[in-house]
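I have a structure I would like to understand better, so I am pasting it below and will then ask my questions one at a time.
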Amino acid sequence: MGLKQRMYDALAPEARQSGLSRVNLFILGLVLVSFLFLALETEPALYTQPSWQLVFDISNIAVITIFALEYIARVWSAGADPQYAGLAGRWRYMTQFYSIADLLAFLPELIVMITGANVSLLVLRVLRLARIIKIARFIPAFDALGAAMRRASSLLLTSLALAITIIYVSAVLLYFVEGLAGNEQEAFASIPRAIWWAVATLTTVGYGDVYPVTPLGRFCAGIIALVGVGVVALPAGVFASAFSDELRERELAKIKQELEASRAAAAAGRNDAS
Amino acid sequence: MGLKQRMYDALAPEARQSGLSRVNLFILGLVLVSFLFLALETEPALYTQPSWQLVFDISNIAVITIFALEYIARVWSAGADPQYAGLAGRWRYMTQFYSIADLLAFLPELIVMITGANVSLLVLRVLRLARIIKIARFIPAFDALGAAMRRASSLLLTSLALAITIIYVSAVLLYFVEGLAGNEQEAFASIPRAIWWAVATLTTVGYGDVYPVTPLGRFCAGIIALVGVGVVALPAGVFASAFSDELRERELAKIKQELEASRAAAAAGRNDAS
Amino acid sequence: MGLKQRMYDALAPEARQSGLSRVNLFILGLVLVSFLFLALETEPALYTQPSWQLVFDISNIAVITIFALEYIARVWSAGADPQYAGLAGRWRYMTQFYSIADLLAFLPELIVMITGANVSLLVLRVLRLARIIKIARFIPAFDALGAAMRRASSLLLTSLALAITIIYVSAVLLYFVEGLAGNEQEAFASIPRAIWWAVATLTTVGYGDVYPVTPLGRFCAGIIALVGVGVVALPAGVFASAFSDELRERELAKIKQELEASRAAAAAGRNDAS
Amino acid sequence: MGLKQRMYDALAPEARQSGLSRVNLFILGLVLVSFLFLALETEPALYTQPSWQLVFDISNIAVITIFALEYIARVWSAGADPQYAGLAGRWRYMTQFYSIADLLAFLPELIVMITGANVSLLVLRVLRLARIIKIARFIPAFDALGAAMRRASSLLLTSLALAITIIYVSAVLLYFVEGLAGNEQEAFASIPRAIWWAVATLTTVGYGDVYPVTPLGRFCAGIIALVGVGVVALPAGVFASAFSDELRERELAKIKQELEASRAAAAAGRNDAS
């Protein structure tokens, strides 16, 4: 088995039956670390200190270099798979969704680093979010997320429409009630602002920056909260239940597959023996 | 097939087996847009700008005109249905709940626009909420909402009664405790105000405008929160479960109906062949 | 059928198969109204107005008079039931839990009203809460509340113990972390105060009067919130599920009973006919 | 039966079929009381009063003395179990997890008390938390906690990963949006601070110390709250359901065991009779 094949087995997540290869675990860890640093880099208390600045610079260079090497290795070793062999195959590989994400994970910052171009830090950082797609490939749960949404799409849409309706109607109601009752606050001065109140209330977040102050407004808000909280929680509940079902089924399917594989192996062993 | 029949098929939601006709989708979208504008119109940051004012005026005129034309078309084409044929049938159609909502969706504003009458903007806007009934006709989920409530009515009432009892008792308790413990705040100065605290706490919204400050009050509030949150969440949970069951059953019924229709079609095909 | 028997049928909730008699519905409504007035009476914006004061006085006298008459009627008509017949039977009736609650619902205020004794308003109002027991007799759901608690008592106790443990440990953790990190606020100055924070956070009420401000404190609080919210919601969930099961079973039992009654009636009818 | 055996039966929780011995109930109560005092001791309003100070000192000495005696009794009586007999057996007993916790529950404070060493009060109090392990041994629910986590570990990890992803992405989004929209607040000045907002929002705690103020930020936050709350509640829901299943199964297993025991006893009785 040549280097290319070994590299392919180590890098392609689909080349292994279950779990991640050590190389991919390392890449996964690196992405997580790079997100940790993305967060820390924006903190004034840290980036104003030269020592932390140095840490950020070094970690950035290291991450970009490794991702660049990883990209080259992925493209080269993709040839081990017949469908990506040859130049045309490589091109087909490189134009895939995940390959483009791999490229975006390091190229913009690499170019800026080399050319010293004066590009907004903000844009660079937004592009760095592309690395999240690198994780998505490794964690099947993200895949299950989409499947769960499709599975419950009709229920999800219905309950979401209902939740939005309740939020809108509640907001209009409190806009009228608080406005009529003479609340001169900014909070209920328009329906969009009242919607902000309704979302904060009906999701039970309740920041406390906006709340009714007139007796009638409080009475209406109390009724709305008591009744509406359940309706607005519907989409969340529907999704949670669909996602949990999806994950359970996948786990079951995996166990069944392993069982069949072991049975087939046992049968093959008996055949060999006889 | 005459124009009246074609119009009827395009406009009446019950004339199509499933889904909405393109015309009705457009109407649905228009209602949603009109609600968006209703919200934006109330925002001082927007309505004080002449350009936005122009947008609001034009959109209002457009929406009212379209709803008026739609109403005329609906009433005229209703004659395609034998039960609404003739003048008496049209009258029967026009006095239906949904037809009145269709009329209210544009008539008040049309009259004000034409006569230039000096009517409160607030009243006009409240009347515009009648448009929500236009949506209700198109989205069966709103129908399911009522069915879910009837289905779980006994459980809903019981749990709602319990929730209100817990809220009342908690409010009375904290009114006494905070009052006795010498909290001079406005917040717990009367039971109705304490009820506002109890609703905000037991729905877990927790704005933070009212909270106990004495040690004994906090102790009682902690116990109440720990125990009461579950009780007050009961009606929401009961409703969510009934609504989800209702939607699932409807989906199932629809699938069954389609299956039977396709079976009947297949049987008819075999009969034709034999 | 004498007056005593007719009165007994009208007053005793257990004398009717299902539902409440008109008299009891009236009593139930009166209790609810008296609770509404109890709340309104404490509101300074109302009790300082002479007209409202008059309303409160009249309603109080009316309620007390009716409850007194009801009590006399109940005690007298109880004799229609053989087990409460005679003087000794009446005494047995009067020393029952519900009868004592009936007495407490009007006697203290009646005595104060007649004697003009100078008794604290607070004490009188607390005693008025005894009227809640009058409702409890009419609404079987309150009975189901106790049954649901017994049914899930072991699960409830375990999950409550767990919730309290999480709250305590979270409070201790944040007391140490915020204290060490130099938070000079009052909020985390002692463990009991930190417990107030932990309850507000883990029940997701989140008033916002207390929250960690140091980075380490926020980090710990974030982890605690993410993990602990589910644990503290356990007792509420367990209770909700037990209560809902209990209500469902009772409804089923009632339907079964009615079915059997109608079957027995039908069988009796056939017997008569043959 | 000697004193050692009787002591062993009274002290070892596993020596009794079900429930706790009176001695262990007393120890359990003492641990709970010591945690109550740990909380009260930190309250400035109490520890500054000499009378409370005296109470704390006496209770501390009492608790430490009893725990020391309990430890000696446990180690000595452990010899009644053949596997801990002899000096080597005792050593094996003393190096167990629970025995070390028993030692830590009193030794540090005892040493400080005797030597008068100048040790930080904070360290001593943290060590006192070891007493929680003393409870864990007596309450099987804590055991069920671990079992429930193992049982749902795969689902828990997946949903936790998802929750953390949503929190991170929401934080990054609001950091950019509020930053771009010109919010000069401290609140969204860096991603770690935005994460604090995201945790408070998506767990629906919503302290209200941080919230978006720009229209775009509020729009994004509203969408995030509506969608994200369900995802972040997933791990809590998964855990709650696994824990409740675990407790139910254990209760069932206990009942089955008791049933079999009573059957075996009955069978033995019949055998004796025949």
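For reference, chains read A, B, C and D in written order, and residue numbers begin at 1 within each chain.
Here is the rule we go by: contacts are C-beta pairs under 8 Å (C-beta built on N, C-alpha and C of every residue); 3 or more make two chains touch, one makes a residue touch a chain.
If you're wondering where the values come from, they're calculated on a predicted model, not measured in any experiment.
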Residue-number overlap at the subunit A/subunit B interface, same or different (half cut): different
Chain pair repeating C-D, as identified from B-D, B-C or A-C when over half of the contact pairs by residue number coincide: B-C
Centroid comparison with subunit C (C-alpha atoms), farthest chain: A
Chain pair with more C-beta contacts, A-D versus A-C: A-D
Between subunit C and subunit A, distance of the C-alpha-averaged centres to the nearest whole Å: 46
Subunit A and subunit D, separation of their C-alpha mean positions in angstrom: 32
Residues of subunit D touching at least two other chains: 192, 195, 204-208, 233, 237
In the complex, subunit B residues that touch subunit A: 35, 38-40, 42-45, 122, 125-126, 129, 132, 135, 139, 141-142, 144-145, 160, 163-164, 192, 195-196, 199-200, 203-209, 232-233, 235-237, 239-240, 243-244, 247-248, 251
Subunit A contact footprint on subunit C (complex, rising order): 204, 206-208
Residue ranges of subunit A touching subunit B (in the complex, touch as defined): 154-155, 158-159, 161-162, 165, 168-169, 171-172, 175-176, 179-180, 189-193, 195, 201, 204-208, 211, 215, 218, 221-222, 225-227, 229-231, 233-234, 237-238
